[in-house]
Amino acid sequence: VAGHGRRYVAVVGPGEASEAECAMAAEVGRLLAERGAVLVTGGLGGTMAAAAQGCSDAGGTAVALLPGSERADANPYSSIVLPTGLGELRNGLIVRAADAVIAIGGSWGTLSEIALARRTAVPVICLGAWSVTSPSGTDLALLVAGSPAEAVDFALTTSGS
Amino acid sequence: VAGHGRRYVAVVGPGEASEAECAMAAEVGRLLAERGAVLVTGGLGGTMAAAAQGCSDAGGTAVALLPGSERADANPYSSIVLPTGLGELRNGLIVRAADAVIAIGGSWGTLSEIALARRTAVPVICLGAWSVTSPSGTDLALLVAGSPAEAVDFALTTSGS
Amino acid sequence: VAGHGRRYVAVVGPGEASEAECAMAAEVGRLLAERGAVLVTGGLGGTMAAAAQGCSDAGGTAVALLPGSERADANPYSSIVLPTGLGELRNGLIVRAADAVIAIGGSWGTLSEIALARRTAVPVICLGAWSVTSPSGTDLALLVAGSPAEAVDFALTTSGS
Amino acid sequence: VAGHGRRYVAVVGPGEASEAECAMAAEVGRLLAERGAVLVTGGLGGTMAAAAQGCSDAGGTAVALLPGSERADANPYSSIVLPTGLGELRNGLIVRAADAVIAIGGSWGTLSEIALARRTAVPVICLGAWSVTSPSGTDLALLVAGSPAEAVDFALTTSGS
């Protein structure tokens, strides 16, 4: 399949993550590979490395969009490594490159990607439940998946939000 | 004062905002002008326009960083209008240009700027209380100001977070 | 005049420049200020500092778009200093923010801005004649001004290229 | 080989190109594939499509960094297609992602990429001779390859400029 006809799914999550989070990320990476989707991550450690490893081990394609300018900063599991030199602005590029976003775990960086995706109508599904209430008392609702398989199903089948 | 010696404060908030939110934004803009700070906004309507108007009316400098490529899209209250053509990625530029961020009201776009600022160690103060709990149950705490004056005080005096 | 109704002119040129080049840049900055235009530069030394100084000394507005993340890296003559953290990609932002570009002197960085401006239909005028011939033998023509005054006239009156 | 250990070579050139230029681009793409390098292009037509087709037909990996936000705008020969939404600023991303740049044919867009690469010390080799003289009379020298094979040899073996 040509690159423009494939499905691209970003996995976003912290660079320092728990074992449970990394296990979920690896499972998501593996499932994306098995179903022919391209994984996009920020290319560093924690959930990013785990997702890339799960994807690569299953023969899939894992794209890394690095914040810095040095390709060597990437984890060793990504198939395609692109330094952007944009710093944290590369979070926005990850969201733009994705047809859907799977968010694992929680940190300000992860939340910036979730929020930007929601702002730009890229579908987001979370492994683990966020609770976000705005100053006006509005609950900013996020979809929650019960398992990596459910998250991947959603990411591969949703037609937008 | 030369431009590199001034204090730059971003006001982030939704383009469609309530009267109360716009009144707070205008007050923040006015106070920033009176205290010699440079206001940075996204240059569109709602809280952005209100902050710029408050700032300009008090003789201050309001910089607009537009998402699109057309200068004419800016609100008419900004002193300096810079089209970036970056789309929502310009949110990251606003945060980078700021020494501190004052967030008013709530939306995904606003939250993306808050989160990016926290991720990159730019101090943030909110007018109105967010509640953000991550999947691990951690409360992602945000400072809350009781008034525009308190928000401006914080933004002009904090030395980082 | 509100910021969206003003004319924005970028002065692009090397950070290490000859006295003659800096004198031209300072004159361009002064003339832009006198005619009410906003100067946009890359915020560093050489022609950028000279143009900003000429502009500021004449009471004008000089905007600096820095490549790095530190406001303190700017020359002391800019009225508004915005760190972008984009590295050399900020050259593209300068071009986007400008209604016209005046190029002084020559370097690869300057040529990248000239070429990007021509590619995106932003009018360019050069103080000093480039000669650029493509592999197919085509002369990539650039307008040349005979003096800073002529360059500023062009930049303030051209309606596009 | 993991993605961070591969060699990334950008092929830059016009979207509307002659048959001879496209034939050279296709040959470069093929040779890069055969030697295990990753091709990076702007993802549109002309030389970009030809290089991607040559690469893909030989079993290689062709990455497309699109200026717009729509993946469907890519040529059908790229293996990985990433919309950036940065407009012409994506030219800078292409240069950042590359260990070396091969330039084919001539246009302002191509020259912007050549100049930016030279500015940021990414090695450039041209198929076809440019002549660039700056206002000070300095010849801005560019390496010229006599054939696609020579260009690829250089791009895969140079250690910087």
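Letters are used for the chains, namely A, B, C and D, taken in the order the chains are written, and counting of residues starts over at 1 for each.
Just so it is clear, a contact is a pair of C-beta atoms (placed from the backbone, for glycine too) under 8 Å apart; a residue touches a chain by one contact, two chains touch by 3 or more.
All figures in this text were calculated on a predicted structure; none of them were measured in a lab.
When the partners of chain A are compared with those of chain B, the chains appearing in both lists are C, D. The most distant chain from chain D is B, comparing centres defined as mean Cα coordinates.
Chain B and chain C have Cα centroids separated by 28 Å. Mean C-alpha position of chain A lies 39 Å from that of chain C. Multi-chain contact residues of chain C (touching two or more other chains): 69, 85, 87, 89, 93, 96. Those residues of chain B that touch chain D in the complex are listed here as 69, 85-87, 89. Every residue of chain C that touches chain B in the complex is listed here, in rising order: 2-4, 6, 8, 38, 40, 56, 61-65, 69, 71-72, 74-85, 93, 96-97, 99.
Against chain D, the residues of chain C that register as touching in their complex are 18, 87-89, 91-93, 96, 105-109, 111-112, 115-116, 118-120, 126-136, 138, 140.
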